[in-house]
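Below, each structure is written out as structure tokens.
Each of the two complexes below includes subunit A, the first together with subunit B, the second together with subunit C.
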Partner chain A sequence: MDNILSVLVFFPAIAALLGFVVDKKSARVYGISVASVELLLALWLWMSFDSGNAGMQFVELVPLVPDFGINYYLGVDGISLFIVVMAALMTLLGMIGMSIEKDIKNMIISLLFLEMTMIGVFVALDAIVFYLFWELSLVPMLYIIGAWGGPLRVYASIKFFLYTFTGSLIMLVGMLFMAYLYHSISGIWSFSITDWYALVLPVSYQIWLFLAFFVGFAIKVPMFPFHTWLPYAHGQAPTIGSVILAAVLLKMGTYGFVRFSLPLFPDASVMMIMPIAVISIIMIIYTAMVAYAQEDMKQVIAYSSVSHMGVIVLGTFAMNAEGISGSIFLMLSHGIVSGALFMLVGVIYDRRHTKLMSEFGGLASVMPKYAVIFGIMLMASVGLPLTIGFVGEFLVLLGFYKVSMIGTILAGTSIIIGAIYMLSLYKKSFFGPLTNKANEKLLDLNGKELMSLVPLVAIVIWLGVYPKPVLAPIDNSVKALLTFMEEKAQTPEAKERIVVSTTMKEAR
Partner chain B sequence: MLEPISVSLASLNLVTLSPMLIAIAGGLIILIIDLIKADLHKSLYVMLTILILFVDFGSVLGLNVNERGFFDVMLIDGIAIVSELLILAASILFIPLALTSKRFHEYSYPEFFALFLFMIAGFQFMVASDNLILIFVGIETASLSLYTLIALHNRNSSYEAAVKYFTMGAMAAGFYTMGSAVIYALTGSVELYQVADVLQNRIAEPGVMVAILGGSVLLIAAFAFKLSLFPFHTWTPDVYEGASAPLAGYMSIVPKVAAFVVAMRIFGMYIDLGIEWVRIAILVLSVLTMTLANMMALVQEDVKRMLAYSSISHAGFVMAAIALDTTKGNTGVFLYYALFMFTNLGAFTMLWISRHKNRVHHERYDHPYEKFAGLVKIMPFAAVIMALFMLSLAGVPPFSVFWGKIYIMSAAVDAGYVWLAIVMGLNSAIAAYYYLKLIVYMFLKDPEENDGTVTYNMTKPLMTIVGVAVAATVGSVFIMQPLISYIFYMVSASGY
Partner chain C sequence: MEKFVYIALFAPLVSSLFAALFGMSPRKTFVGVIASLLLATSFLASAILAAFVYQTGGAIHVTMMEWIGAGDLMIPFGFIVDQVSVTMMTVVTLVSTVVHIYSIGYMDHDKSFNRFFSYLSAFVFSMMVLVMSDNFAGLFIGWEGVGVCSWLLIGFWYHKPDVSPEENPSISPSWAANEAFIVNRIADLGMLIGIFILYWNTGSLQYDVVFAAIPHLSHGILFAAAIALFIGAMGKSAQFPLHTWLTDAMEGPTPVSALIHAATMVTAGVFLVIRANPLYMVTPEVSYFIASLGTFVAFFAASMALVNRDLKRIIAFSTLSQLGYMFAAAGLGAYWIALFHLAAHAFFKALLFLGAGNVMHAMHDELDIFKMGGLKKSMKWTYIYMGVASLALAGIPPLAGFFSKDAIIETAFNEGTLILWIILVVTAGMTAFYSFRQVFLTFEGDERYKAFGIHPHEMYKFVLIAMSPLAILAVIAGFFQGTFHTFIIELLPNYEMSEHTHHYVLLLGAIVLAFAVGGIVLAWVMYGKGLKRNEKLENSFVYKLLKNQYYIPQFYAEFISKPYAMISTMMWKSVDMKIIDTTVDGIANLFYSGGDKTRKMQTGNLSSYLNWMGIGLFVLLFIAAISTVIG
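After this line comes the complex of A and B, so read on.
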């Protein structure tokens, strides 16, 4: 099936439209069935993906507006493949674990539309199509946060929307300028990213364009100091909203760096390594400290999520195969781990309607299964060896070590601070005597919740022990990317900095 | 004794007049029908009007590009044809909105429909000429009819709106005639193509530049009134509020398209002559217009007033494209309005559908935000459709206005005005806030005490119009290619 990408993108959208007809009581089952089919399709994509081929596969190209160079242009490579699979997986598991009863049909329809936009962003190879899905993803998320969120939900959802919308409009101007440059050099209008890759731009242009794209991506990631929308969004969003937001939507920003910034502007990217590294390290340490100061479990995880996103950005700008492969692997592991953690917080919130750590204590004795799964995810988040979190974090730090030793040491403290805030969260909530009477009769995980969490535990351990099936195709495409960047780079510093690496032993 | 001048009928090239003649004849037919038999139902007149507009549309399509006629007063070039088609399409979409389920005063008079057709003829004269006098006659024919159409709504606020619009329009007409008089004094001609030649020769003479600047100031002021650019925009929200919702939606499109064509002809000439001052003035006006109108729209409590400010801001956005004076920019003007037309008319139609005879929700406003609170729980489809229009107006892809926006922004980037594209982008972000406000009310708030009368005025014809608007808004990506290539061809064929 050569057009599997179109099917993947539009299947959930059509299912969402048809979902208007489905009866309210059956909406959840409908959503879960659609999401399962979507996951199977995504797995099929993985199975038929040729790991030996580093380039774009399953390419589809249909001209939409030829006079203006807009094409419906999709394709997938090792970098995007697993994010697509993860998006489908997290949507399904999030839906299974969802406890929402109110307006369930609207929720399912929004989630299915959201799934279309998420997958669309990662397979689009035309800048305008990319932008289209990128912007469209805000709309269902706005509704999910705004309709099912906490008391400040309207404020949080509007803040989320406006922040990202503003950033992406600046990015749009950058895209239009790229198309203009392409037109003035080649005489043809084109928004295809692969066409743009062929452009060798003067360094002064590269810097401005890099900055224009950076604003769009940095707000989405979100990078310090643009991160202020995220704690609100997470704090107010319902569990499913936080899961999707942390697992997939934030990855759009870091994916954008890899797909646009690095190959389009290699020289500017190398020049920007230091400023971005400084921002990332501030973001890693500062948000980790903020996480430690939180009283609310969900806020701890939200801030830890920002901190880990900093590690991902750092790895991307290491400009070597370890760093970039590591950061892409970390995108996956962060998606799975933070998604699971948000689900776990959701579990306790459903039972007690509070997320304050001071309300808990000694939960391990009433909810043993819950405590075990929470523990595993927490360890994965901290980056314990043999869990999924370790692989990516280690590779990123290894990669960045070649850029700056001090930077790596500073970024490495995130693991220590991470361990501090995560373990103290665990201690406060799960260990010690059961002090609060309200907690005595709490029920352990039910079947629905186990169904959504156990697969994630299995993945955390499987990819922690044996990451090769995922890491090998990623590494393949990343090396192709680096080779391309090295050829394209003009300044000697950039040529020197971009390293197409040799070994990946450490990962194994 | 004067020699009689013999003019052959063929040299008049009367076919260039045919679109206007059809509209005028149609208006007369409607009046005659009323004379013969009174008390006919409005649906008859609506359908007749649509048919006349349809014939008119066909006659415009049949015109040859770049023809002159009637002593060279008529000029049928590409932009004239494109804008006439736009005007007719918007009018065809607009007129069925008279078929509401409730009875509204104005539609019970056949004169409404006759005046409507005369107004269209006026707009057609305006765009199909480069003779300053004929343009003036077109403007006045159209405006006088429009004032009356507004006043026919028969409410205190609509009288106020009509009088306000009339006084402002009279002032603008004054500015326009004075500006034209300056041009005539300088060049001895009112034909723009001759004016351009003479100015080209005289521009270096001492003292001429001051006169040119003076004339351009007067003309800019006149068109700033017509296009409701800052600081001449103050009449717009009141007039839109006083007029009925469909007429307000119509006013945000058709008169502006016509005025943009004239602006393109006049200011394009100035910019081509190398008078940078005009370009800078227009750019400043348009940036101020979009920014300040957006700010004002943020604080409105009534959806219709919000949409009024939003259309001011959209007009400012498009005005910037005129200042670029490139083929792509001018193409963008028409493309933008072709796409904006469906969305904006759709949004105003949704207001019209929800319009009550009395103000049940608010003592001052017909359409306060509260009226739409929790609409998704009462009428999910209406809420989703309204949200689609709002997202489209905000410039969220893939809805129609987004494509117009990126085309104009791209034109700005091409012309070397990257800062302008960034200003446009930031303005879209500000605008997103007030469009979201309505979405927030519809989707995220709980319904007020509401007896489900939001679709008070709903009828099948109105639903059809909304359906067409939704289809065009959502499926715009598929009509982009033919639209762009047709408009671009037409604009470049007429040399703009």
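After this line comes the complex of A and C, so read on.
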């Protein structure tokens, strides 16, 4: 299959179109089947991926607007491959665990469209195609929050849409300017990211371009102080919306840093290490403290998401393979773990129609299976070794230590304050006596919920004990990226800061 | 021999998973039996390995598979069985096996019997990973693993409600569990930083590579690494100021206190210092700090034990105090003596805790020793066990504690650190006093429990038999000091007393012994015949200070926990919701209201349109004029 990537991108979209004629009663089964096929395709992509090759694979290139160098240009490398697989996985598991009955058909169609845009973003190698998928992803999510959300859903969804849209418009300006620069230097138009990579820009241009892209990515991540749309979005979104949002959509921002900012503007990236590190560290500590103050279980997870995204951004700017590979691995692990945590909150919300921790207490004795799975995800979230959460967090902190010891100590407090809010959430909800009568007859996880959660538990432990199948291809591409950046960098500071790993040096 | 390494390591994991299969089903005795058998298997394998290492003097090194590889970092799952790790393995599995068998009896009536064994075995597995790993990352796996198991086990009776600190200083099991986990996390950050320092300066986390690189590193780096790793050790081994969690951890079931919070996990910090001895040898100022802190904690904890009324908390304070002794020895460079005391302490302290468990069982979970007394009639064996353990703890010859503790005190003299020596000697007297205050108040004198309608009974026979190996070791372990010395110095640096110290050895021993015996006699005089409360003493400032643990828990609650919660809430409600979010909404509203106001331009009135056109033209001309001037 030469055009496996096109199939991956458009299969869910075509299936979604066909979904309009599917009977309402079988919509759910239809959606799950499509998502399963999609996941199998993604796994097939992984299986046929050549781990030894650090470059782009399964490349497809079809000219769209040849005069302006806009191409339908797709490809994956070790950095994007696993995000694609995760997007397919989380969509499927989210659908399986979904408890929504209302307008189920519309929901399934929205999710399948969303899946197209998510996969499209991560495999696009043309800036315009990337931008199209990036913006298109807002639409189904806007609809999911706006149609199935809580009481403030309209406010939350519009805030989500406008805020991220504003950011991406600035990013678009950056992209257009980038293409203009490419044209003025080489005489031809191109929007191919790989063409842009070859462009060596003056440092002053790099900084402005970096900032333009930064606004788009930072709002998406969301980085402090652009994060306030997220708690609203999570607070109002239905479970499935939060799962996809936290697991995949936020990763677009951090992925953007790795795909665009680092290789396009290596000198600016190095110059920006400190400002970004400061923002990330504020983000890690500040949102973790805010998470502790929350009364609503879901808001704790929402703020914890922001805090963890701070760790991811920090790792991206460590400028060594340990940090960047760790940060990409953390994107995956955060996707799995926060996705699972949002599903778990959904479980109790379905039963009690409240997410306030004060309503609970002693749940461990009525819902032991639920408590066990929640406990495992909690431990993964606080980065316990041998769970998926440790690998990424450890590597990021280890990598960033090379940049700044004080920064690492401050960012490392996330392992302390992360434990504080998560353990107090667990204590308030699961421990203590069962005081609320409404909780006495709660049913433990049902088959559907177990089917969506148990695979995640398995992944959390599998990749915690043996991360190599995922980490090795990531690391391979990251090492190549760093070598490329180091060669392209002009300023001596950047040359010095970007660490090329020993194996790559030997290869040279 | 490799297969024994794997058996020793994985038998506890199998046991844990097996018990977990029945985690949600009602109590099944065979779960406890099989778990105990698997632990015994692990002990046997460890013993075989110990014999092998003893005979050959070599180490067994196995690398299972790669764990994390990124950039230039490569961390394998590698295990090393050498003199130090095999000592730890044998001690850990032996005490664990005893505690597992004990728990079959102790947890008899608990509905979560199976779950308990699952956690307990998982703990042993983590502990084995901790001591057997051949690199710092592997150590950290075990380090965090024991932390989680400790969290699970302290909070084992999670259904108990929170009460005020006046009623129960630990508030509730789940509160104590969280406290232990979070305090340990603070220390773990220090440890992680230590690991990072070593990695970026040596390029590896393998012990052998790191230690081989030490001579090439600058002193500043070594100093930072030594401090950072020791911060990690301070958390696990509950050294001041991270000590409060240990006494609160007594909320866990007593077998847990015996295994985790006395014999094994809390000694992990000491183990780390011993393991990293090449690092601490070259950082004498850090080592001296460790010794001083250890000595301080020995005294500090013992002082709080003097007045406490809670059976388990007294033993917890004594554990803290003995950990201080171990750090004192390790800090002074006598690593092998620290390890020897670690092992001896594991035996008699576990025995003491298990004895306390028997008392609790008999007293229906009453812990106040003021409400006990005269239990020797109904609990003869427990009295003997606890008496033996307390004699060992007090350092009465020829029991184990005499040899190991005396060696530490002698080291302090040998190093010429007289202040440390004096404090350690005084502490030895205090140790004897509080140990026997507890024993006498529990077993001797008038039967105060009768007022509460309790009918104590001795523990099951099989439990008492299971405890006997610990009792025997508490008595005889000291005789193996010489053998242990020759065995362990193949790996650890040798430490021997100077001629000068040898000259005074009898006198030194006699002084320590005098303090110990004096402590016991004083305890007998004060409490041997029953409880005579001294109102004046109990109302004195010092007594209250000690009783309230120097007001440190209150201080932490008032100046750390509460402000943290307050600032968090403030950040959420004032900063996040008000300042940041209002700014965002404000900017958005600016556009809304801007659009709303300019909307009025669209009046449909031709003359107003012409006016606007005029203004527009003027503005454009103005801009054009300016740009010509600038351009």
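The rule is simple: the second predicted complex is superposed on the first by the 501 of 508 C-alpha atoms of A that agree within 3 Å, B and C clash if a C-alpha of one lies under 4 Å from a C-alpha of the other, contacts with A are read in each partner's own complex, and residues count from 1 in each chain.
Simple rule for what comes next: a contact is a pair of C-beta atoms (placed from the backbone, for glycine too) under 8 Å apart; a residue touches a chain by one contact, two chains touch by 3 or more.
In this text the structure is predicted, and so the values were computed from the model without any measurement.
Participant: Scan A:Y131 for contacts with subunit B and subunit C and give back first, second, both or neither.
Facilitator: first
Participant: According to the stated criteria, A:A472 is in contact with first (subunit B), second (subunit C), both, or neither; which is it?
Facilitator: Touch status of A:A472: second partner only.
Participant: Using the superposition on chain A described above, determine whether A:F165 touches subunit B (first), subunit C (second), both, or neither.
Facilitator: In the superposition, A:F165 contacts subunit B only.
Participant: I want to verify the contact counts: of subunit B and subunit C, which reaches more residues of subunit A?
Facilitator: Ranking subunit B and subunit C by residues of subunit A touched puts C first.
Participant: For A:Y143, select first, second, both or neither according to whether it touches subunit B, subunit C, the two together, or no partner.
Facilitator: Touch status of A:Y143: first partner only.
Participant: For A:V366 in the superposed arrangement: first (subunit B), second (subunit C), both or neither?
Facilitator: A:V366 contacts neither subunit B nor subunit C.
Participant: Touching subunit B and also subunit C: which subunit A residues?
Facilitator: Shared contact residues on subunit A: 162.
Participant: What part of subunit A is in contact with subunit B in the complex they form?
Facilitator: Residues 20, 63-68, 70, 106, 128, 131-132, 135-136, 138-139, 142-143, 146-147, 153-154, 157-158, 161-162, 165-166, 169-170, 172-173, 176-177, 179-180, 183.
Participant: Please output the residues of subunit A touching subunit C within their complex, sorted ascending.
Facilitator: So the residues of subunit A touching subunit C come out as 159, 162-163, 225, 227-229, 231, 286, 289-290, 292-294, 320-322, 325-326, 329, 362, 364-365, 368-369, 372, 379, 382, 384-386, 390-391, 394-395, 397-399, 401-402, 405, 408-409, 412-413, 415-416, 419-420, 423-424, 427, 430-434, 465-468, 471-472, 474-475, 478-479, 499, 501-503.
Participant: Please name which positions on subunit C make contact with subunit A in the complex.
Facilitator: Residue positions touching the partner: 23-24, 65-73, 137, 140-141, 144-145, 148, 151, 155, 158-162, 172, 174-175, 178, 181-182, 185-186, 188-189, 192-193, 195-197, 199-200, 564-565, 567-569, 571-573, 575-576, 580-581, 584, 588.
Participant: Using the touch definition from the top, list the residues of subunit B that touch subunit A in their complex.
Facilitator: My answer: residues 376, 380, 391, 395-398, 406-407, 409-410, 413-414, 418, 421-422, 425-426, 428-429, 432-433, 436, 439-440, 443-444, 477-478, 480-481, 484-485, 488.
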